[in-house]
Amino acid sequence: MTKNIKIDEGINIGDGSFTIIAGPCAIESREQMEKTGAFLAKLGIKIIRGGAFKPRTSPKSFQGLGLEGLKIMAEIKAKYNLKFISEVMDPRDLEMAYDYIDIFQIGSRNMQNFSLLKEVGKTDKPVMLKRGMSATIKEWIMAAEYISLEGNEKIILCERGIRTFEDYTRNTLDFMSIPILKEKTDYPVFVDPSHGTGRRDLVLPASKASKALNADGIIVEIHPNPEKALSDGSQSLSFEEFENLLNQLM
Amino acid sequence: MTKNIKIDEGINIGDGSFTIIAGPCAIESREQMEKTGAFLAKLGIKIIRGGAFKPRTSPKSFQGLGLEGLKIMAEIKAKYNLKFISEVMDPRDLEMAYDYIDIFQIGSRNMQNFSLLKEVGKTDKPVMLKRGMSATIKEWIMAAEYISLEGNEKIILCERGIRTFEDYTRNTLDFMSIPILKEKTDYPVFVDPSHGTGRRDLVLPASKASKALNADGIIVEIHPNPEKALSDGSQSLSFEEFENLLNQLM
Amino acid sequence: MTKNIKIDEGINIGDGSFTIIAGPCAIESREQMEKTGAFLAKLGIKIIRGGAFKPRTSPKSFQGLGLEGLKIMAEIKAKYNLKFISEVMDPRDLEMAYDYIDIFQIGSRNMQNFSLLKEVGKTDKPVMLKRGMSATIKEWIMAAEYISLEGNEKIILCERGIRTFEDYTRNTLDFMSIPILKEKTDYPVFVDPSHGTGRRDLVLPASKASKALNADGIIVEIHPNPEKALSDGSQSLSFEEFENLLNQLM
Amino acid sequence: MTKNIKIDEGINIGDGSFTIIAGPCAIESREQMEKTGAFLAKLGIKIIRGGAFKPRTSPKSFQGLGLEGLKIMAEIKAKYNLKFISEVMDPRDLEMAYDYIDIFQIGSRNMQNFSLLKEVGKTDKPVMLKRGMSATIKEWIMAAEYISLEGNEKIILCERGIRTFEDYTRNTLDFMSIPILKEKTDYPVFVDPSHGTGRRDLVLPASKASKALNADGIIVEIHPNPEKALSDGSQSLSFEEFENLLNQLM
């Protein structure tokens, strides 16, 4: 029986509905988030994603706007009545980020950053724990235990693909993790079809499969202008493509 | 546009329908196949699977009944009006097997057995080409070319999972291969949820995901008595479980 | 040209010699470390390993003695004139750990814990950066850049095996990373034959291969009583086995 | 205790010496093999490699000269007193190939082509069995059993790298397979540093590691003009590079 995680009045994850979270990979500017917030609100989407702290493979890539990004989001959230999910990377940032973020995301690279897991485990906010890119399902469940043992049971697990030899896609989505996690835990299970495939044209089929497998939702990258995105443009949907995805899923 | 492969009057693969093929991993006895044939005919299943030549990792494992198995099937096919798919492993067996088998299956281990591919490419029978367990999609498509260049375009591609570090499942089904192959080729695409997961309890969810992704069908292992199967019992459905799967998919 | 990293007067890594670091996976007790320190000093080993903070897959496994472990080491180091390498997992621990540890180790799970990398990058201590278990060589080099860009160039890279489908060994040592890193960077390159294989009987051959490939050294797990080790006993050498390894390598 | 496999008077594999086999990936012309044969004979190399039947991923790539290639080799062998190892891919070719080839090679793609394994198992010629690119060591040993159970115990196992996520090298050489196979079987173990790395600059370090691990030999690709090779040019050594390798190894 999947645990119901209340995000806000009338916004639940794990209640049997299929929740769609969307937003850009990274918060880049007020204008970008204004457009995105207005667009999502119009479509009835309740939770927006956007990275302020970006874990990038190279230290020379764009690292996110940090606190400035969070402040942009404070405005957008209020204006469009949205809840906000965003990644935290450093236990020392949690206190500062706490007031801005409604769902803490732990990224793939930090799935076994146990200090960070314990720290979000001490908060009362929901945590989305992404699967490590070479983590077994067993290791992933044990990583979730690092959070729950600190007292926080509001955990959402997010399949985002594993690293294999296949290079046509950025990662290989292990869709069978959905029924396996449903069997072994009572946490809601999400899928990230954007990072999971790395290809815009596969986001829709990956979302359909997720829904068919009774995932509790998906978290999708969209951008007002994917060609100009500072990160992950090739897997981000345009607004038009995202509307099409919504129509096809509903 | 997916190619329509006619198996018999009124039996097509790739025509937009979702074809379900079922049967045991290996032909073990006349009695086993009699029960299976009767059961499938009752349910309206048109194509039966069953291995006569079994490629087993160890030479000491059961290797299949060979020609004796094919002869059993000749009877069952006629009695229950079924078409028969079965694996061939050796180019020298093709002539003998030709009269018994309606769809030649090339197993995962032989995906790059180019002599065998060319040989089935010279026949006029449909060929189901399973993905090699560590083959990229690109290599798989090129393997299909070995068949088509000999003149046989009746090719069905079958995703059966790839080898990864995850060991909860026998293989990791790469479901994204379905939309990718649909984009890159015009061959029908099947999924083998039995080998793809190696676990009876995952056959149904894997089948649902296959259907949601517009696969052209699935090939499922069933056995009148899975606990006593000579191979792959842990991933075979009982008759009752298979009926449940049919009901859930329809 | 490999950079020479001075650990102490007369103790260098990267100067063309083959440095052997040894010690237990985890600091378990004063007695254990006393025995180990005396043993290593007798053999002329200059650097001892031992974990005070242990990143364990399960939160219920032994997590290390923490500060208590570091204090034990302060005594042992002084008594036997040894330098000490130990893992840090949390940027907040660095200040406290600084006085005890001579070489900071960043473990495999934290290779892309960028906050931690930056923090050790701000110190003046040598850092051993272990390869992530599914990191490409390119990603590993970029992780090292997170350290060097903060001003700390005293980086030692340590190959510890990657995750593959082969399950006879715990990981698959990618020995070719040694010449590749020597070509692409000027950092000394170590090998961890203990974690890299997970099997006591393979530590010696893995060490021989490392030396033949001009690695700058190895870091080996030893334990006065491997059968009773609180972690990684099956890959730890007994003192006798370690002496044999030294003799075979020299 | 490693089995000694006699190739000819005074030519043994598995007798404790380190045997170097060399030659081109594919036999391309009489002139190419004439140059190669003369060169190897001059250096005292006793066994030449060269493919007549080439298993290529694409059917449109050069497939080898077939029987014509074998006939070229008959001449070269006689003229320079060399033994000849070459791949067979089809059980139907064995009779024809028998008179030309001294050591049958089973390629990576055919490691589990059980029909072919049984067929070489019925001959009295040594067989070099390459590891499948995603085969576990256990599966590899069981593949060898398909040969030995037919009566042919003259088996040489050849590590040639496994498929992983690391893409800097063509494959990841699993060097630990050498001591593992030495422990578990009594067959000689070779390494293919050319396919195993896919990079000319890594052939020498891979060869050194093989020797340090007591492999029984290596099989190396060389070409009189690597830039013009019809296959695998980027991993082939020039004659000069090969002489350098010999000097460094001895």
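Each chain gets a letter, A, B, C and D, in the order it is written, and its residues are counted from 1.
By our rule, a contact is a pair of C-beta atoms (placed from the backbone, for glycine too) under 8 Å apart; a residue touches a chain by one contact, two chains touch by 3 or more.
As the structure is a prediction and not an experimental result, all values here were calculated from the model.
Comparing the residue numbers each copy contributes, chain A and chain C share more than half of them at their mutual interface.
Comparing the CA-atom centres of all chains against that of chain C, the greatest distance is found for B.
Rotation angle, chain B onto chain C, C-alpha superposition: 180 degrees, expressed as a multiple of 5. Note on chain placement: the centre of chain A and the centre of chain D lie 49 Å apart, centres being C-alpha means. As a whole-number value, the distance joining the C-alpha centres of chain B and chain D reads 34 Å.
Touching two or more other chains at once are residues 134, 163-165, 167 of chain B. Across the interface of their complex, chain D is touched by residues 134, 136-138, 162, 164-169, 172-176, 178-180, 183, 197, 201-202, 205-206, 208-209, 211-213 of chain C.
Of all residues in chain A, only 163-165, 167 touch chain D in the complex they form. By the touch criterion given at the top, residues 55-60, 89-92, 109-110, 112-115, 133-134, 139, 142-143, 145-146, 149, 163 of chain A touch chain C in their complex.
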